[in-house]
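Sharing a structure with you now.
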């Protein structure tokens, strides 16, 4: 049998074959890249990212109400994803209500969040509150984030125990120490500490002592400016500037319950509910827990005085919820409509009232809950600061360091390590 | 590769059937898109300060310089390398002994062989969860019952001993595949070799040392190098046992690199990944050199 | 994504062992070659049986814990037998973790991986081994092989970004990547095996008028069956048991595979050890069953590969 012709019978030349494969591959790629302008039944669908556990149910209801109130937009509530993942994959949510801190600031710095300054709601935010956003980072020319809810934190105290011992709310550091002394003599634990969980130390004792004695925002501004010179040739450093506050923090640790190293967040709340201690250095999120355990507890808050001057007193705040719309979202107008809905005064104020937080707008009403009303004047007069522990990048395990200090590690050594970590990070920032 | 020598010489001038291109090129293209492209992207981003999205600048070798003095990175390399070395040793010694046993005259051979292969069939993360339970609960209970103080606390909770748990579990899973190779290698030794040795009076330990070991040397080399490479990549088991803890004492290279995904250290970890790749390549080259030498055996 | 055994074709020019057991002699003076007529070495058998406990005990604990009641699960005695027997843990784990969904996803991903790997690797290996004299094919072989030394962590972050961009941040993307990572090892096995297939068979088929396409699918691929089985089983194990890649690539947690599911629910299981172990058992079982059924081919395939 003669040798059959070379099998190009199908007319497929090599070049045509390769071209076909290339075209198919390109088509596949493009199909995958197509923007997913999902329309569900004619509505524009947007993803709303909100993961604060206590508020998930609350916002789910809001989402349902919004969806029912109009027919052009359908909001889908995402309460489980991680925040960075969506951005890295190129499909972030369309709008988010999320805590705003140093980590989020990096998103903003890189232009990942869109400009909201043209929205009427942006003009209603209190300037000092908007400034809190700028303390971490700025993206020039943009208002990337609209603060939605501020939680203020200070010393939680048992009003009955104070009244029983005739202790007034202290206004200076000396008065505070005296109050602790009174309690100790009466056999009452002055301060309940929960050192098993590092975050409680960082956000409690550490932030309160440092925030009460220094200008935290200014400190970090200089730390960021000096970068690799910190602790060496620079003018500012953890070792130098935090030495005294940390010393006092250790002093307060010594005034705490003997089992402080093995107690956790939940234990602290329970102890306050049962009247086992006079004071707890914890945020307003604990107030709900305490009331749950003992609805009859009489709890209040006052800022930790760190100096001899009562006017120096400040409360710790954090931007518990802030609204933003990613730059890469393809449905910004729909997202903004939902944003406006969320910022309607009745909805906005209701949230802050229900969650023991402070409103961020100029028209927000003062708080009425007796547990946090003690901080209202400080908030009104902008006598607040964001926690020192929150301005340290996560790659430096500040919380663990601070936990080490209160459980016996050398304060100076730890602060020096923090300076070294800072320098190394600054090198590649 | 000796394959080149064994290829059937083709008639010159014959055009290659386009179907062969169809067999190869789509796969080649997909592979390039799925593997080579990401690798190249990674190298590119290692010279930037990107956090994985948004704006970024080119920063030259800053990331690499910073890595050189970063205790977290250096610690993860130290831990991973050390753990890989110990595990490779343990796995190969045990697997070889088991292989020798399983290829000798024993009863229930097939059943025993089947049993020893089971660990490789289970997912690493699940194995780790099971052993996590055993180390955290059963072993301390056993230690308390037997009065052995050092076992009273979970070895995983102590920064100095957690690595031991990881070695044990990793070895548990890795021994089967190593074992299979050794069994194949031992079965390939012709009986005549042993007969000749027996005639010379070699038996038992001497037989092992002078006959068996040299003939499986090549397999030992392969298993060692493949094993080491695999253990450098350790992730699943460590996540399930200690998740890098206590503290960061058992954080592997892979864990550190993956943390760049959500930790905002994207570009920095890309540099880490690139260095890791170079090390893997170096190890591969070592393997090629050594096995090329052994091919003559 | 640990590689299983790597066997280079350059190793060992020892003769074919012929599949079953020609075993090395135990260190006693025995006559050779009389299979089944020597007394088995008691000592070694016993030692091996003891050693096998290291494998059997964790399995035993897994099974018994899965059958215990909640009360007995936390009594601190892991080695006790379940009394009373509680069969409801499986149902509880089934419900809690939405097991059927993850099982379906794992099955789909693994099936796609096995089929994709066998088909693509065999095709590419055939093309390469039959065109070895051409640079493109020869270099492609080394290029594809090089990936064996490319650890997943090196490309992981970029793959996350890319799969997100093209909409493959889901089990589909995971399957594609699984296939790609399995290619190197599979092609190594296939090319080794193909070397043993005499080309004369294909030549005569061509003379009878068959096109290359037909030669491959009608003649060669069926002959590759034993190695396809081996490749398929390794691909199955690698895909079914993989944790790192699905956990990073798949964006939606409700679309995760079984191993990742175990980790997602680990905190929710907390002290319900009995439910947790039931869940682990259900996730482990398919792979163990598949392996026990197909282990013969693995052994054969590895041996063949080692020789070639």
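Letters A, B and C name the chains as they come in the text, with residue numbers starting at 1 for each one.
The rule we apply is simple: a contact is a pair of C-beta atoms (placed from the backbone, for glycine too) under 8 Å apart; a residue touches a chain by one contact, two chains touch by 3 or more.
Nothing here was measured: the structure is a model prediction, and the numbers come from that model.
*Asks:* Farthest chain from subunit A, going by mean C-alpha coordinates, please.
*Replies:* C
*Asks:* Going by C-alpha centres, which chain is most central here?
*Replies:* So the chain nearest the centre of the shown protein is B.
*Asks:* Please state whether A-C or B-C has more C-beta contact pairs across its interface.
*Replies:* Ranking A-C and B-C by C-beta contacts puts B-C first.
*Asks:* Can you check how far apart subunit A and subunit B are, centre to centre, with Cα atoms defining each centre and the answer in Å?
*Replies:* 41
*Asks:* Just how far, in Å, is the C-alpha centre of subunit C from the one of subunit A?
*Replies:* Comparing mean C-alpha positions, subunit C is 44 Å from subunit A.
*Asks:* Round to the nearest whole Å and give the separation of the Cα centres of subunit B and subunit C.
*Replies:* Using C-alpha averages as centres, the distance is 15 Å.
*Asks:* Counting only residues that touch at least two other chains, what does the list for subunit C look like?
*Replies:* As it turns out, subunit C has residues touching two or more other chains at 157, 160-161, 211-212.
*Asks:* Two or more other chains touching the same residue: where does that happen in subunit A?
*Replies:* 7, 85, 88, 90
*Asks:* Two or more other chains in contact with one residue: find those residues in subunit B.
*Replies:* Expected reply: 17, 19, 21, 26, 52, 261, 266.
*Asks:* Could you pull out which subunit A residues touch subunit B in their complex?
*Replies:* Checking each residue of subunit A against subunit B gives 6-8, 12-14, 17-18, 21-22, 25, 82-85, 87-88, 90, 103, 106-107, 109-112, 328, 394-395, 400, 424, 427-429.
*Asks:* Quick check: in the complex, which residue numbers of subunit B touch subunit C?
*Replies:* These residues of subunit B touch subunit C: 1-4, 6-10, 16-17, 19-21, 23-24, 26-28, 30-31, 34-35, 37-39, 41-42, 45, 52, 98, 100-109, 112, 114-127, 129-131, 133-134, 137-138, 141, 172, 174, 177-178, 180-181, 183-191, 194-195, 198, 203-205, 207-208, 212, 218-219, 222, 226, 229-230, 232-233, 235-236, 239-240, 253-254, 257-258, 260-261, 266, 269-270, 273-274, 276-277, 280-281, 283-284, 291-292, 294-295, 297.
*Asks:* Quick check on the complex: what are the subunit B residues that touch subunit A?
*Replies:* 14-15, 17-19, 21-22, 25-26, 29, 33, 49, 51-56, 59, 62-63, 65-66, 69-70, 72, 247, 261-266, 268
*Asks:* Which stretch or stretches of subunit C touch subunit B in the complex?
*Replies:* Going by the criterion above, the answer is residues 1-12, 14-15, 17, 21-30, 32-33, 38-41, 44-45, 47-49, 51-52, 54-56, 58-59, 61-62, 65, 76-79, 120-121, 123-124, 126-128, 130-134, 136-138, 140, 143-144, 147-162, 176-177, 180-181, 183, 191, 195, 199, 211-213, 216, 237, 240-244, 248, 258-260, 262-263, 266, 273, 276-277, 280, 283-284, 287-288, 291-292, 295, 298-299, 302-303, 306-307.
*Asks:* Subunit A touches which residues of subunit C in the complex?
*Replies:* 157, 160-161, 163-169, 206-209, 211-212, 251, 253
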